[in-house]
Amino acid sequence: MESAATTNHMEIVYERPVTLTDTPMHYCPGCGHGVVHRVLMEVINEMGIQDRTVGVAPVGCSVFAYNYMNVDMQEAAHGRASAVATGIKRVLPEKYVYSYQGDGDLAAIGTGETIHTVNRGENILMIFINNAIYGMTGGQMAPTSILGQVTSTTPYGRKSDLNGFPLKITDLVTQLPGAYYVTRQSVHTAAAVRKLKKAIEASFKYQPLKKGTCFIEVVSNCPSGWKMTPIEANAWMEKNMFPLYPIGDLKVPKQN
Amino acid sequence: MESAATTNHMEIVYERPVTLTDTPMHYCPGCGHGVVHRVLMEVINEMGIQDRTVGVAPVGCSVFAYNYMNVDMQEAAHGRASAVATGIKRVLPEKYVYSYQGDGDLAAIGTGETIHTVNRGENILMIFINNAIYGMTGGQMAPTSILGQVTSTTPYGRKSDLNGFPLKITDLVTQLPGAYYVTRQSVHTAAAVRKLKKAIEASFKYQPLKKGTCFIEVVSNCPSGWKMTPIEANAWMEKNMFPLYPIGDLKVPKQN
Amino acid sequence: MKTAHEIIIAGFGGQGVLSMGQIIAYAAMKEGKEVSWMPSYGPEMRGGTANCIVIVSEEKINSPIVSTFDSAIILNQPSLEKFADHVKPGGLILFEESSIINPPSRTDVEKLPVAALEEAQKLNKRQVANMILLGAFLERRPLVAPENVLKALKEVLPERHHHLLPLNEQALLRGKQIALELAHESVL
Amino acid sequence: MKTAHEIIIAGFGGQGVLSMGQIIAYAAMKEGKEVSWMPSYGPEMRGGTANCIVIVSEEKINSPIVSTFDSAIILNQPSLEKFADHVKPGGLILFEESSIINPPSRTDVEKLPVAALEEAQKLNKRQVANMILLGAFLERRPLVAPENVLKALKEVLPERHHHLLPLNEQALLRGKQIALELAHESVL
Amino acid sequence: MEPTSQRVDSSTQAETRLMKGNEALAEAAIRSGMQAYFGYPITPQSEILEYFTAEAPKHNFVVLQAESELAAINMVYGAGGAGARVMTSSSSPGISLMQEGISYMASAEIPCLVVNVQRGGPGLGTIQPAQGDYFQATKGGGHGDYRLLVLAPASVQEMADFVFDGFRLADKYRTPVLILADGALGQMMEKVVLPPSGSLPFIDKPWATTGKPASRERNILTSLHMEPEKMEEINVKLQDKYRKMQQEVRYEVIGAENPEMVIVAFGLTARICLKAIELAKERGIKVALLRPITLYPFPYDAIARLTSTAYAFLTVEMNAGQMVEDVRLAVNGKRPVYFKGRMGGMIPSPEDVLLEIETIAEKQQTTTV
Amino acid sequence: MEPTSQRVDSSTQAETRLMKGNEALAEAAIRSGMQAYFGYPITPQSEILEYFTAEAPKHNFVVLQAESELAAINMVYGAGGAGARVMTSSSSPGISLMQEGISYMASAEIPCLVVNVQRGGPGLGTIQPAQGDYFQATKGGGHGDYRLLVLAPASVQEMADFVFDGFRLADKYRTPVLILADGALGQMMEKVVLPPSGSLPFIDKPWATTGKPASRERNILTSLHMEPEKMEEINVKLQDKYRKMQQEVRYEVIGAENPEMVIVAFGLTARICLKAIELAKERGIKVALLRPITLYPFPYDAIARLTSTAYAFLTVEMNAGQMVEDVRLAVNGKRPVYFKGRMGGMIPSPEDVLLEIETIAEKQQTTTV
Amino acid sequence: MIRGTVLINRDICKGCELCIAACPQDSLGLSDQINRHGYRYVQLVQDNCTGCINCALVCPDCAITVYQEPRAKAKSSAQRVPAL
Amino acid sequence: MIRGTVLINRDICKGCELCIAACPQDSLGLSDQINRHGYRYVQLVQDNCTGCINCALVCPDCAITVYQEPRAKAKSSAQRVPAL
């Protein structure tokens, strides 16, 4: 530990939440997964719901989320996190249940489960990390990869005629009557992180109302998969992903 | 054969197309599947593309479509017709390829394939028979069943909190950039049948342009599953399904 | 009667073939007998033919599927062609008269043509033709007591159709009568 | 040299451990030898440790996975701890000097510490440390001819990095020199 | 439309009813205290889901028609992991789609009940009864080394009873249990004595993910272990469990004492063989039936013991020859093992089987003369 | 990031290269005239898809990253049914998801090549090499009675060669063929002599759905046959085909003539055993290796013949004991059959195997003394 | 008014009555007879058919062939297939 | 201006530099040393930290603890967790 100024007489204004385990995270330097994990755990800590929360980890870089998140967790098969979360929530309707998935997991192999979970309006929070690539398996094209993006399976850039178009799955789920709250956030600046935190807070507050699914897309980075430094990656994300995946709310509950 | 008036000196103004086999169809009396089959085969006959067309049958009441449609056909696993059609079209890009699926097939188990096929803009025609029920397996709830609808798995009526909402999958695929032409039609009147025929014609004309997927939903009936006479069924459909699934074009190619 | 009685009931779907079998099975069970009811469950779609095998036995039933029968109750021509030869010598072939164009030619079985449809029309309800057949059958093969058949009927019919019970009872009786009348002329 | 030479090369991911092995294998193949290169392919994510087993043989290679080695080229401390005891008596442990805090204590093997990182810094390219180690290794175990190593390098390096070939050659040479210098003081 | 047996009110009393196998199974599940069912319609077992949806309002269980079998099995994973007594059911093609999920559950040790009311395959096949999924059920249709405890009912009564056994064993071994039935068993009606409700106790599941209280570490359910050493450990643990499961082996032997011939058959086929054995007896051939009730664990020893009296074994299945491999492994070369199968939805008749018996008996005669 | 072996230009000449198994397989596929590939990334075989996407512009084949393994296998069905030389590849969990599709293809007789580069299971498991999918591959992980022709490569060379064999056999028998490799074979580099392009002829596929000309009836590819009689007919036809396929059995025997002990092992494990056999020889124990190259058809007869000389058999696998059942069936009780396995991504070492050999040899000594 | 007529394939007609509902002329009605599949089939009950083909368009079983007196310019939407 | 400071867990810092970019005070910089995972870690390079917690908010590895001189009314968005 290192600190230039002395901390005597100072008070802690930010520290690791107890809901985050001590295990150092395996993510690459600068990877957005870590930030989202932390913010999620901060909210659970601050809301005091650690003992009533069950999370579902996906297959993807965040497959080990359960090593870091200090809540009961299940690790789902690739793409099925929302089905697993459905199973949990249906038998434990009073618990807080969330799923956490990448773009390959949620928007490729898991498309059917994603659409139907939201369409049923399962009273869960779905967190969707869109980094426009398959991080874990070594940087292959994701459904959300942008046109022209070079990945290990689009070495000459994604072309719509060969590989289809970037899939805006969040826009699709927004259409579904089961969606209660849908928002798209990011974690590349302190301000963005604060907004994401509010969105997660709101989602957990909505959950006991049983009004439907809360769905949060986080437009994120993959420095390794994109072959960039974290700073470059965030800049690339702002420049190339934000126009396609604009940050902001897509559906907010009607005041009543 | 029976005819009150003599047919001497008269000419045939409607007869069975040669693209429809002689096999009597196994569908229940009044079932819309038969009409759609016939219209589809009329178009193929009239366009003279029988020798360049490959169809894909689903699992559902129309599983035996290949017994009636006099074109080369493959029978796909439940929900995978559009993946099978993708496989065919990718290796035979100059042929006309269509898939034919029910609502359980296309919008439940096959949701992922449906979304991704259209999102890739596969240059095929997808025909989607929405009869708001699983006809083949005995009248279970379909993703498109309407709220309150009594089916063998919603004996007290479909409830959104238990069973989710009617899934307007055609509205979803309309959003996808790969969709070139999306329309919703029906077959309960002669006028409706004429419109459907136009839609199918248009779709096959678009196919060689390689501009993306043509998607035709046919809002149809299931007298047996709904436990109604065909006439009652069509009336019920107009009254209950059309408001939710309004007939008309959802996406038409831009003129250019 | 020997310890097990094996019956095939066959016709078109919708003729009440399957419930006929169920009623026999249910009534026999109520009498403490061993029973099994095995439908030929059709293709995953409507229509077509339907049949079921019912076994009523004093002992535990092993195979619920048999290929020869003590009795056959036949409601259409294709079924007759399929099953007529599978009735054991000395067995019974009971059939709906108007539905059968070519009656069975076997001479080593009892043949009982019942004009059930016609009779049902007379009762103003085509749907009870199967009960007429059942009544006739039970007259010739009294596997279960009539009062138990009525009880079974009550159990098998959905509540909302219970007002039809008297009509069904009437049909059963009519069937019994017909069989009695025919008994005199029946050819072995 | 006996008919097969079994080598382990181990370090952190990104240190060029795997390509070192590939270069040896490729060069040996060009010389008509049998070769195998077996990476420990890591978890489905970035980072962590990496190693590969390279076998160069006059004869057909059966198991590409072995648990004792003729030579070990070690680039970090965890790898040294993992593999030091698996080097056959009389074998070679070559290691990057600055990365190893506790050098191997065995006395029945040849130990060759090479300050590859330091030397690479001198060449203004940390990334060629692995070539320095390779040069040193081939000096002590001349499994393949230097010209074939250069050829292999050309094949293994992506085209866009071909301008680095001279630098790599320099590094190889520097490694050779170091090994020669050390040879005099090396302890068995 | 086929008639449906009358619905019964689950009760704390045992009750005798005439029911379809599918319905008896569903009613038994309700009485067993099942807490959740997730499934997708498929013939010949859709009655199970239908029965649950009709009964649900009267009881306190979850029933959900999933969007696919894939979703269903993963919902089962979630609910089972959360500690619920949970099940799913399907028929052959649908069960194939569940293979990945089943492998996951075996590995993460999620107790649950899976019911396969088999139909004729391969492919879409037919909806007629078959036993073509024996290999898939007993050797593991999914990837990796795992086993399911497999129960093979042969009557409507067993369709009901094995639900209780299945849930009990699933909890006991923290493992998915499979009931391997067939379309005929699902569709036929027989008398069934329904077990009383509440007779199957619930056990503590301290490993379940129900929310981490301060008093314990978080619970994690996973099948991922990147270190092969750790993954091997998991496998060793599973294999130990499977060894322990051997004690659950069940079978019955019916027919001749000191038989000259033994038929091995399971499920409905076994009952058909009993009829054939009666016929054979009339012809003076002493045949016994060995009916495996658990297909995994398989009654190898029981079969091996019979090699001392029987001169031949005949395996009868509604498939092209699957269990016969296990019978051969049990007999281990000591006696000839014959096979008779019907496929694609065809049911062997007692006469089919009798013919085999006679042929084998004749062969034996010629050999011994 | 691991380095990737250099890409080579497919050519009409045979070429010698140093390549990863996955890449050699992909390059061989291109040279074999493969017309379409559909796949979904999964470690340890993603290089196959990556290789194809990099090479596609230079050649005339279709490569498509599907949205899932489920979609991929059904695209294979479509393309194969349309007459194309088509393949997919995946690793264990992904292959489980393909089981329904594979059963469909076997039934509809769609020729294609499926590659399983196995990793440790069950469940998500680990990405390290394993052979835990032997049962799934050889007994049918999907539903119904069907078999795949299964080839088990043991070297990078065979990873390449078996693509040619696979496509040839798939066409010959109108059947899906499976290459059962493992992660180590996919990731390791060896010398490979790449077969020249164009050396694998194309055959006529009059059954393919390519559009119905006036000159023939329409072609229908289906696995549905509602009449059980018809479905049984289909099954009989399939079983006939599988019997004919027995002639394709391949294996090799290496090591001592008239061995006292025979090791049966496939794939990479076989090569590890060879090393162990060398070590055993030094200790005076004469051991031979029988390596099944086709896992289905399995070399039962070849193994049975060896029972005349060997006093014991040892099966070594990277699983909990799967092929050993087939070895037992082949040996049929004539000799003891031992098993040594490592699981969950662990690779047995030659020393592991040697220990088993010595233990068996000792046991034999004590018995014979 | 143009004269037409229809030929109904009574063997494949399922008596769904959709054609009856679709006929603007009320020309069609159910027969009292049943065909070999057990269905009451449709027949012409009035000789006022115009050959508008509406009935044929809605028939799910393609059981209806429609004839019409020749006109200078046929306007039916169905292609004229020569009756071979 | 409020005074603050940060404590950086150098063992888990991965040197991604995102905190450096996020700091409005330019208080942070990369050290020349590497930690045991091989990463150059971050350290305070100027003593002008205000305790605004921006750095902590963007840190993917939760490597930063932030301190601040007590104010009458703390306005940080993070919950005050008593340091036990």
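Things worth noting here:
In this document, chain identifiers A, B, C, D, E, F, G and H correspond to the written order of the chains, with residue numbering beginning at 1 in each.
Basically, a contact is a pair of C-beta atoms (placed from the backbone, for glycine too) under 8 Å apart; a residue touches a chain by one contact, two chains touch by 3 or more.
Treat the numbers as computed from the prediction; the structure is a model and nothing was measured.
Under the contact definition, chain C and chain H share no contacting chain. Within the contact network of the assembly, the step distance from chain A to chain F comes to 1. Contact count check for C-E and B-E (C-beta pairs in contact): higher for C-E. The greatest centre-to-centre distance from chain H, using averaged C-alpha positions, is reached by C. Chain centres here are Cα averages; for chain B and chain C they lie 42 Å apart. Rounded to whole angstrom, the centroid-to-centroid distance between chain D and chain F, based on C-alpha atoms, equals 34 Å. Each chain gets one centre point, the mean of its Cα atoms, and the points for chain A and chain C are 64 Å apart. Annotation for chain E: residues touching 2 or more other chains are 1, 43, 64, 67-68, 70, 93, 100, 104, 108, 124, 127, 222-224, 226.
The set of chain H residues touching two or more other chains is empty. Multi-chain contact residues of chain A (touching two or more other chains) are listed as 27-28, 63, 75, 77, 108-109, 111-112, 116, 137-138, 143, 163. Note for the complex: chain B touches chain G at residues 1-7, 9-18, 20, 24-25, 27-35, 38, 42, 45-46, 187-190, 193-194, 197, 223, 229-231, 234.
Listing the residues of chain A that touch chain E in their complex gives 50-54, 56-57, 63-64, 66, 69-77, 80, 83-92, 95, 112-113, 116.
Interface residues of chain E, counted against chain B in their complex, comprise 1, 40-43, 46, 49-50, 53-54, 57, 64-65, 67-70, 93, 124.
By the touch criterion given at the top, residues 13-14, 18-19, 22, 25-26, 29, 34-39, 41, 43-44, 46, 50, 61-67, 155-156 of chain D touch chain F in their complex.
Residues of chain E that touch chain C in their complex: 1-3, 5-6, 16, 18, 43-44, 127, 183-184, 187-191, 268, 271-272, 274-275, 278, 347, 349-351.
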